[in-house]
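Okay, so subunit A shows up in both of these, paired with subunit B first and subunit C after.
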Partner chain A sequence: MQRNDSRESAREIVVPGDLLADRSMKAGPGTYVENGNIYASLLGIKSIRSNTIGVVPLSGQYVPIRGDMVIGKIVDMGASNWLVDIKAPHPSPLHVNEVPWRVEFGETGRFMTVGDLVLLKVVGVDELGRVQISMKEHGLRKLAGGVVFDVAPAKVPRVIGRSGSMIQIMKNLTGCRIHVGQNGRIWIDGDLDNILRAVEAIKLIEKEAHSRGLTEKIKSLLDHSPSKGE
Partner chain B sequence: MSKDVMADLKRDHIVKLLSKGIRVDGRKFDEMRPINIEKNYIKSAEGSARVHLGNTDVIVGVKMIVGQPFPDTPNKGVLTTNAELIPLASETFESGPPGRPAIELARVVDRGIREGQAVDMEKLCIEAEKEVWIMFVDIHIIDYDGNLFDAANMAAIAALKNAVVPAKRADKGEDFPLPVAHEPISVTAVKIGEHILVDPTYDEEIVADARLTVAANENGNLCAMQKGGEGSFSVDEVLQVVDLSRRLGAEVRSKT
Partner chain C sequence: MGGTPLPEGIKLIDENGKRVDGRMPDELRPLRIEAGVLKRADGSAYLEWGQNKVMAAVYGPRECHPRHMQDPTRALVQCHYNMASFSVDDRKRPGPDRRSQEISKITSEALTNVVFTEYFPRTSIDVYVEVLQANAGTRCAGLTAASVALADAGIPMKDLVASCAAGKVADTMVLDLGKEEDNFGQADIPVGYIPRTGEIVLLQMDGDLTTDQFRTGLGMAVDACKRIYEVQRDALRRRYTIPAGGNEDADNPEVR
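For the complex of A and B:
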């Protein structure tokens, strides 16, 4: 923990165009290469992992990447597809072939309708940024009950924590079911008091995403919430 | 204006919380969001103010020029109020000529100032039937999170209060402060199910059945009203909103 902190204190904020490294390192996300040198393409924090240098953005829109689990909102319906808002720059159609049910032509509305929330996976992104999404995987489904709200997509990694540690703490201490979409949409279900505590915790994470000792803060917040009982 | 589809379960959650007496952001039903008013925000305007009402962010500027009065009010100045909902403020706003919501916003703010007799228009007359001051109140929305009416109204009143008539510039004598006679402040409430909530956020506005804006001046006299939405208010509910408007309006007025 201590060692971790001292490394975090060396965090450096870079702006687009800042020189990050020469050709001795590998260019990671949030960078571009010109004349063999690596430059930042985003406003964010410089991050070095082994031999790769990248930039973790401070803010910004959600950019879909293949394999992302996201929470989408149905905004329109066609005869053989639904139009889903996953907060990406482009609208994302969900074709009937990509859902776990057999849907006859023109019967899309019997399964999901405008205003429904769905757990989805991004299965492909082409060079123009158009996305292909699917519900055909274990655990992907229509969401019912609970509450949904948005956080900045750049803060999602903090909400999830290192290999899911943060989200696990919240699940354990509130007893809620929580899904965090990579697009910054979060769904929580449980009893009302616990939902409100979980929402409060996530709002705190979003506000203090770049501060240290966040895990401890969240733990004490949830431990000391009055509704936790014994 | 493209409409935002709201997730059904978000709507259900808001309604469920209300039935337990809680609002999504933890406020009381009759509690406004934190208000922050920066006066004289734009130096090139005759008067201006920037208002933060929670996450809603509005700038109002007042500009004045010399022009002709209307024939039916030959000895009174002219008031023109304008609002535009630019895409910068919200993903649901489209560029182009002002749509229905923008026109309604401008008209409600205009009505508050005009019918509340905020400005003594006769003092804006230079020469009857020939020359009067024409006053432009321009509303700019920087960020939209519900309740533009009240944010724009308080910004407009604050802007009028620090406005100076630029007489010297127009060669009409010495500059003088804009003659503000009254301070009408509007308070907007929405009805969701059986509940009346003041100062709705964006989410609450979408869920709301009906909306009522009531403007009252510093003596508690009502000067303007606007009802929106498809639902209805009973007489008692209207009176309840009127009371809220008088009570909360006084608090807001002290900040402008």
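For the complex of A and C:
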């Protein structure tokens, strides 16, 4: 496998405290600067993009960032808000003003109850880690039916693919409706066989997230396991 | 320290300068670390160091309980050190005691020095250290394993913490005391060390030493920490390097 050797060496695994570069480069995510030198702060893969050096994490909890599309689960209700678990360290309140319906005071339970899944957007995170979420945007809604499961948040970029290529392949080849939250929650709806195929594909992506040629592998997996409906 | 007399027929250092278990004074017990051994934990590590067997698991950053302990500016690193009842010859009475509370506290404090706690306000990072088999030096083993588990959990850190003990046995300064040396030796200094910056994050001493002996011992422990650090880094890299190589092969069916 000489073909891969040179590419493999480019994927260098770094450990917290590893020296990455001196002051000639810019410090990207997963790094910190001390005495002008750039060190890794995470266990991950070293990545260099133009003049910025960073570390792509291999594990870790979901850290909400403004603009993230996430899938949340209602865990509690108040008179004018719901509490939503978005896999961040703390549950986030979803106020009635942030939903697309007009909700009277105390009537929250008529719209969504504990256990419901919602597609949300993170509108802001303050310095105390408090998250503001909203459903008031096009495409955001309550997710009815379908199945939901979790993958490691660090693997989400791979499931989505570059500008959504991976997820598009899976949508096309299974005919399922799929939503992937940045928090690692994935919702799939379609007929049962196709859902199972999509789940299998996503499990494979999660398992082999840091191998190359994954798109091709997923394509052939989905091509070769046609649904019973076809 | 030195309370119980040495049993007949045991020499802690023999004529050749070797120790009870045949090691030289500056020799470590064999150390092996494996990262990512627990599926349900966010990060984990299993460590075997001589006869010591330690499992470390990390959960979080997650909501801090009890609530009044949470800090609005940073995360709390909470370590829970526990010795299994079967980890020692005489059954250890299960549950927290003075010793394990102390070790939990010093481990948390040592780790707080390297974790970027300010990235996760109001949360707690829980570190569980379970000693499955004990043979002296479990606080060092626990701290070494815990820092590997933290890195495995994807928690941002300045560096790993390596830890090792030095001590005085039969008037000789030795490294990494074994059980007999710990029980019948004269002194014991556990050291926690940040190899990149050379900072010491854990330093305790049990027994009496002269200033010179202390300096020698500290120097020995620090050197050993640097060696242990390499084992830690290797464990973390190995966790991801092997499956990546395997996948590369699987890409190409002919090679299988």
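Definition applied: the second predicted complex is superposed on the first by the 217 of 230 C-alpha atoms of A that agree within 3 Å, B and C clash if a C-alpha of one lies under 4 Å from a C-alpha of the other, contacts with A are read in each partner's own complex, and residues count from 1 in each chain.
Definition applied: a residue touches a chain if its C-beta (ideal position, glycine included) is under 8 Å from a C-beta of that chain, and two chains touch if they have at least 3 such contacts.
This is a predicted model, so every value here is computed, not measured.
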Touched partner set for A:Val75, first subunit B, second subunit C, both or neither: first
Between subunit B and subunit C, more extensive residue contact with subunit A: C
Which of subunit B and subunit C A:Asp22 touches, first, second, both or neither: neither
First (subunit B), second (subunit C), both or neither touched by A:Gly60: second
Contacts of A:Asp191 with subunit B and subunit C, given as first, second, both or neither: neither
Partner chain in contact with A:Glu107 - subunit B first, subunit C second, else both or neither: neither
Partner chain(s) touched by A:Asp116 [first = subunit B, second = subunit C, both, neither]: first
First (subunit B), second (subunit C), both or neither touched by A:Gly145: first
For the subunit A and subunit B complex, residues of the former touching the latter: 73-75, 85, 114-117, 143-149, 192, 196
Partner subunit A, residues of subunit B touching it in the complex: 5-13, 16-17, 20, 22
Contact set on subunit C toward subunit A in their complex: 42-43, 60-63, 72, 114, 116, 119-123, 151-160, 194-197, 232-233, 236-237, 240-241, 243-245, 247-252, 255
Residues on subunit A engaged by subunit C in the complex (per definition of touch): 1, 4, 8, 11, 13, 15-18, 30, 32, 34, 39, 41-44, 57-61, 63, 89-90, 127-129, 154, 208, 210-213, 217
